[in-house]
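In structure tokens below, several structures.
In what comes next, chain A is part of two complexes: it sits with chain B in the first one and with chain C in the second one.
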Partner chain A sequence: MFSWLKTLSKFIMYQKPQPAPSVFESGIEDRPLEEGEKSKAKSKAKSKAKSKSKAKSKSKSKSKAGGNGGSDTDSNDSGQGNQDQHQLRDSEQNNRKNGSRKRNSRRGKPRNAAIQKKYSDKVAENQDIDQILNQKVELSYRLEENKQVLEKLFRVPENKDAVFRSLSIGTEPPAQAMLVFIDGITNAQVQNLAVLQPLMLLSGARDIRQNRKGDTPAEAGVFLQGQECPRLGPGNGENKETAVYKDFFDRVKQAVLPNNQVAEGRTYDQVVYDVLNGNSALFIEGYNQALLLETKGWHFRSVSPPQVEAVIRGPQEAFTEMLRVNTSLVRKIIHRSSLVTEFIKVGYNAPMQCAVMYVADLANPDLVKEVKRRLESIRADQTYETGLAEQMIEDNPLHMVPQVLTTERPDRVAASLLDGKVAVLMDGNPFVMIMPCTFFNLMQSPEDAYVRWPFGAFMRLIRYAGLFLALLLPAHYVAIVAYHQEFIPTDLLMAITGAREKVPFPSIVEVLIMEAAFELIREAGVRIPGTIGTTLGIVGALILGQAAVAANIVSPILIIVVAVTALGSFAIPNYSFSLSIRLLRFVYILFASLSGLLGILVGVFIHVGVMSTVKSFGVPFLAPAAPVTRKGRDYFMRGPVWQQETRPDYLDPLKTKRQPQFSRGWLNDGDDKGGAER
Partner chain B sequence: MSRFKPVMGVSEGITLLFIFISAKVFLAHVTFILHDGMNASWVIPIINTLIGLLGVLLLVAVLNGHPGKDLVEIGEELAGPYINTLFSLFYLAVFVIGAGFTLRFVSERVVAGFLPDTPISMVTLSFLVGTVTVAYLGLEAVSRTARFLVVVLVVSTLALVVLTIPFWQGHVFYPLLGAGVWDVLRGALTTTGNYVQILLLGIIYPFLPQGKARLVGVWGVLIAGFFFTILVVVPLLIFTFPTVTEMSLPTFEMSRIINIGRFGQRMEVVFLPIWVFSNMIFMAVSLYAGAAVLARLFKLGDYRPFVLAVTVFTTVMAYMPLNSPQASYWNHDYLSRYSFYVLVLIMLILLLAARLKGKGGAKNEKGV
Partner chain C sequence: MKRVFSVVLLLATVMMLGGCYDYSEPDEKAWILALGLDKGRQNVLTVTAVIAIPKAIAGGGGGEPAAGGAGGGTFFIVSMETPTLLSFLELLDTVVDRRADMSQTKWLVCSRELAEEGIGRYFGPVTRFYQFRRSAHVVICEGRAEDFLEQGKPILEDNVGKYYELLMRGWRYTEFIPFDTFHFLHLKSNTIGVAPVAPLAALNRKEPVYDDNTPKPKGAYQAGRLPRRGGGEIEVMGGAAFKAGRMVGTLDADQVGVQKMFFGNLKRTIMDVPDPEHPGFFIIVDVKPRYNPRVDVRIGEDDLPEISVEVGLEGTIMSIQSGEEYETPDRLPVLEQAVERAYLEDINKTVAKSQALGADFLGLGLHAKKLFLTWPQWVAYDWDTKYPDATINVSVDYRVRRVGLIHETVPLK
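Entry: the complex of A and B
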């Protein structure tokens, strides 16, 4: 009669936990112990008899209560549908009981041994595949075998991106072939018109097989399916007829395929890398090589104005996500045969293509070598962004300042290359790294050079003032309000004191509140969708500031201080450097609150001392000021362009002279010819 | 690693040397010169500079005979380990006493002038944190920091001098030779210790470009002499004798009288970097050099374990005087009077030993 009441009370009092069924469960803290750790734990347990007996009694009581486990027999969870899944999960939980909150961090032992054991077949398969790639296994003569291996490498049929297009080359008799590519990153039109059509329809017209006397199909190395390849027969490992077979392969390459770039691949590693980069691989039956055809065709953003380094006067082009477009943007500016672009694979698990650009007759070879050495040595899992690569190659990763200059402007890269620096472009990335980088580089903008020199120098001066304000103004406010009230004129002191009279907080708290609020607004402004970004700015900057003053949480003077500080930080042209200044500002505020102006000066002393030890690819960060090297007219202030006769000598370029002493030839009689006519 | 084999340019060497010699000019040392020289005090720094130049040339003569070695290693080679230990203790004393008394004096002055409610231990700690950090980073960090900040120091000092021009009084030069030639000369000869800091050249010598030690030494002393002379003359011109002798920190008083219109009053805070940066560079150099001397003495390749030890010595030395005036007097008595003659004596002994042993003495600047 009251069964419903019983049910209701049971429902209210206790509900058996019914977690959503999931095959996959993970918890880092609950990783099971390794064998070594288990035995270690056992020996520890033996030495503590009392604690052992307590632990036993606890585990028994748990098993009796039918909890989540404690022994192997407790793995059933009655009433649940998917028996297998729960058995799997319970056995996982049993394992976890043993190693709860103990991590296996011993060197040389994998942390996820239990997972590896569970999926041993998958792990073994992955290891096989890695072996094929790492050991650079050569391609097979048999088309079918190549297909099987590549299907394994690309995880076909699960992976639907990889396409294996079988075709017959239109010869008599037809030769079997296969085109491998990744759908979506190739240009289908190029494939149809420049690969498939010539092979299938036009190859017969060229009669590519009959040019050489005695080229029968068998001799030419074309074997129909099921026929035995003579080179692969037992005891016949060597290819005695390479010349003949090579001839057909070369003819396909040279006479049939009208692609602008064709390369030959001999290993699976080469083929996989090219295919993953948008190329197509053509395999022909009987040949242990593949033709790697240029068919890249993914969608990319067109060249657009710079988003971060905007200028009023100067080129309005920025890099895109296409590596080749980016290199062309640089080459468009530097018409010099010595401009070299080298390609390097960077990264370990998902290597990215990087272009290292330098002017061979200017850049110091040791610098180029060092940049390439560092890039090639990267063994990171992810290096698809310049920011990730930057962190892997910088000299002092623990220092706050950026040691690589990042820019999105081709003109800036070109100017740096002509100074003797090295640029690293990364595929899929609109930012380019320039190295080495000094403090003064971080404070320069391309526009300094494009306007007349007094204005360029003035803008740079303003920028240094901005740096000073962004770094030290809030700290000075704290120091003066808290320690050095007598150092400001009486009228101003009265104004500040009157404004702060109703503020209940000490100056340090007041400043930290406003600075933190401003950083919050700035961070939110970056993350927020563009349409409401302006609204947030108005809400944050105006209403919040106004309300804070009205509520007597902060003084109106502080609002001015924070606003000027923000303007100063926006004047810093390099984003990474601006970030470091934003962070260091809080350190200076702390110093100021501890010792006033003395604290700030001590902070500056330490800051300069630490910066003076930083190096960027062997170049001191404060060069050419400290250490002193020969200074041009473009390091602190911007000098006239006709007086900038030498390249920065801290780069040790191969050519120091940038232009002759009298670079304006028209000023001298009879010397009025430009570079092209000389 | 450059931490163990630093690289130092001529410009950094000169900067380091002249700041190390002349940092004391911003403290009370000027007062002692003004006491000795009276109206002719400006002559004393000039004579001192000339004596300092002779000392540098003597030091360079010792150093050039042993390229790639510093003064401690040269002493070990020429005078043997036992006598050299005494020499090294003298070098160490110069660095530690100088840094200790400077730390005490500048801390007291900062408390008195800028942070009246802050305990002196806090101020001392602030100075020590900065100087120990930079000294620990090594000679490159110390020299480059000095080179980077020297612009601030020089510009501020020259501004301090220029802005006081309206207060200068020309008649203070008379009588032209003060109490007399002999008194001025005596004053100069008893304050030669102001240049004992040329000793630093002997410590940084292996890291300077080859053949540039003389250039560094001579220019370091000349620039230091320029600032010494300027900052003895200008307080004299402003405050006149004998008022100027009653000031414990003449440069601070100079900054206080500057008045640029209604808002340009109380300008001393603008010149605070002069006192803080010059003395922090002085102390960082002292800590590094003291640690380097100990490292050579104990034949260790790395100076860093000794930085903290020298810091402890320095702090103990700083708190030995009862107050700031006593620190100034002790510094004057133990360092500024006769220490230079001890250094010269050591140099002469080393030169003599080199001549007797047939080592080094006749070599030229490039050690050939």
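Entry: the complex of A and C
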């Protein structure tokens, strides 16, 4: 009878279904539903995120149009990244101008007005120089002019690092050229043998050899004419071989320089960036381009055993400070053509080279996009450490838990990449960020997988026990000793009471003293110079050991509590997670001292509740457990390797299946195709 | 952000409102390990507290235990004349510097004199007051409880609390100690059709108990009538049967064993059975219940209960003094029947005792209860008055399962 009412209400309540833009953007469900892209463009009050994504898409389309052919060389990538970066920066600056104008009008004068006035000429000069970079001023045809601009950029008479090596290319007649590089971060041998020698000594030899083949010297002069007519078309050369080269510059690039990576730079900005990264820039008189030559050669630590995440079973190598070495360490493990290394320049004042690695046919493209979006949007002054970058890209900076997994183990990165996660490597940094990261990831160690599964599962159990001890044991000690003595077996109660007889402080003070002493020892242990490191052991043992008891400052049972707590916290495999546990322990002690076990329960309730709201790149922090999703055999305990058939559900990878159900082909009597089918 | 902060602040404030209300250090409390109740001399009650001296037990700051072996010096006794049990707790704080706490109390000792008058009224606080544990044992002692507690010093233990606990834990491996803790004492007292049995304890009786050395079964002893020399002052053996909160009689150790078997608390026991073929010799067997006694109750024509009980036991031969070979399959029944006879005698004695006392401590009423459809019918039946006149038939079935480490007896030559 009232079915028409139902239909009507359905009609009224109808909402057009909106596809979610990306699962991995955090807080997407909290935002009001946006209309489609069009209305986004229309709305004048554009949010930051919008403008960013727009700028990115623009730059992307441009670089694609440029058709740089997906060349994988470092400098090419960096060049692209460079462009993107600058476009981004410009758009951002425009944005900021709007914002800053408002801000200035509110505040009045900038704060350092006096200094700006005093050094107004210097400030103006700096701004001029910045304009050269920001506006992407193109290189000049004149060698001398290029030199002057670069000297200005590198503040040369004062700055002794930048080297301007002028030379003449040994052709007939010789061409004037200039090599620009930063001393100390280039490989002098490569420069000597692979750049300077061919240019100065051997460039002519090639000519002669060609002449011997039957070319006339006049034809050889075709290249040299390039000096006079820079835009020499390919059709001009009569010689077959010379027709390959567009002009002299091209010939130098193609035939003279035996350098493994050569790129062309057209703006000062590109040149400066590459030179700062250890490449050498070759300028030739008469060309408004520079050849950017791969001559990186700074000193770096060699690959050494992991210092923080040691394992007994498993590979014993860790990342180093060299980005390229690090990517190679990962690639060494994943022999898969779909493993992609993208380079992004991160940061504002001193941009850092940063590699985003993912397996293209596994990782969810939305996730990759989101990671790149966040990295590219960083406008931080300092981002030379992953820890700094991590703080700029994490979802919830106010929460205690790390939302990005940091590791120094290539095998761990490889395993995560094969799960469909994204890794971010940063130049000059042996720690790699893996995202997204969940609570269970933080409690895992690669070794769990390398030993046989019962032992892996056991180790995990021990680790979780360690976690709970580290977090809750001192709190429970306080709660039970001060509030719930009836919990304690009589003998133990007598022991505790007897041991406490001469201690003048309440239990809570005792616990705080010992915990503080322990934290002191731990902090001092990290900061202490190696040469006097042994002193710390003696002092620490004295404080935490016999002396404190003998002096009746603390009771001996508390020493055990503190020691077990310390052991528990050392069992937590992730450093930043263990830091958060260290801090939260004191909160729990406070709760326990206020209202005993009830307080601890309230604390746990709040803690877990808050933890369940945390998201790491859109993935809930307690992911397979809360919210409940499909669980594999490897989230809390470790199952057998051959049973781990699916990738984590919360990552939404492009391929869900890890391995076929019968991953051990030899079991299907004689039919060993099980492993082969994929 | 501001909102989150204010919520956190609010929660923290709420937590702090409690303000450490119950915070107390264990060394600011006097731990009462046992309480004694006597008929008062200057007031209604004489209440005695055994208070632990933790530093003597723990050995004060990591050194050697202060008490040199005898366990003395690890507790002290305070006796006071009070009108009620809880007023004693208040009075105690005037004598002992630390606040008295009963949450670790193991024993509530009542003198037999007081128990026979009825102790139900003193249990009120025990069931209601949070500091008492229902896992404590109510012990009935011969003589005055204050003397009993004062002289009951452990030999093996430093901690007198552990001494009390372990003494009671004997219920697991001997039949002599009843199982009923305060909890069961309380429950059984409040139910129609079952009566509690509390452990009976006494100080060592110095003068001889018996005048001759005629054979007596070991279970014939009970606390206060245990011929012995040496050992601690305290002995716990046998039970005190209660009815309506009043002690009505004592059970010897064998009777306690039967009582425990009826409740499934008997784990195992050892029996000395007279050798059927060699008078003066004993066969010693290990006895375990095979199943809980099967009790079948019918209400007869005269409205009196007719009860039949089937007891199933099994066990191992531990020793055959006479050297007679009973292990062969054809001879085993001889031995088994001897055990059955001996056990039947025990059970019959116990049943008779229970009917004589009018206290159904075997819990037969619990089996009768199911014959009545409603509680008022059951109450109206008035089990307690009918029980003494009930007809009770018991049958025992004992099987030898193992013969011990000797499979074939060879007589001494």
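As a working rule, the second predicted complex is superposed on the first by the 517 of 678 C-alpha atoms of A that agree within 3 Å, B and C clash if a C-alpha of one lies under 4 Å from a C-alpha of the other, contacts with A are read in each partner's own complex, and residues count from 1 in each chain.
Just so it is clear, a contact is a pair of C-beta atoms (placed from the backbone, for glycine too) under 8 Å apart; a residue touches a chain by one contact, two chains touch by 3 or more.
Here the structure is a predicted model, which is why all the values come from computation and not from measurement.
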item	value
Chain B versus chain C as contact partner of A:N552, first or second or both or neither	second
Chain B versus chain C as contact partner of A:G540, first or second or both or neither	neither
Touched partner set for A:A625, first chain B, second chain C, both or neither	first
Partner chain(s) touched by A:Y483 [first = chain B, second = chain C, both, neither]	both
A:F605 touches, of chain B and chain C: first, second, both or neither?	first
A:T613 touches, of chain B and chain C: first, second, both or neither?	first
Partner chain in contact with A:L597 - chain B first, chain C second, else both or neither	first
Which of chain B and chain C A:G297 touches, first, second, both or neither	neither
Touched partner set for A:G278, first chain B, second chain C, both or neither	neither
Chain B and chain C footprints on chain A, overlapping residues	483, 486, 488, 594-596, 599, 602, 606
For the chain B and chain A complex, residues of the former touching the latter	7-9, 11-12, 110, 114-115, 117-118, 122-123, 126-127, 129-131, 133-134, 137-138, 140-145, 147-149, 262-263, 265-266, 268-269, 272-273, 276-277, 280, 284
Partner chain C, residues of chain A touching it in the complex	398, 481-483, 485-486, 488, 490-491, 493-503, 506-508, 549, 552, 556, 591, 593-596, 599, 602, 606
Interfacial residue positions of chain A with respect to chain B in the complex	483-484, 486-489, 492, 594-599, 601-603, 605-606, 608-610, 612-613, 620, 622, 625-629
Touching residues on chain C, where the partner in the complex is chain A	1, 4, 11, 15-16, 18-27, 29, 31, 33, 52, 54-62, 101, 103-104, 106, 131, 133, 159, 161-162, 165
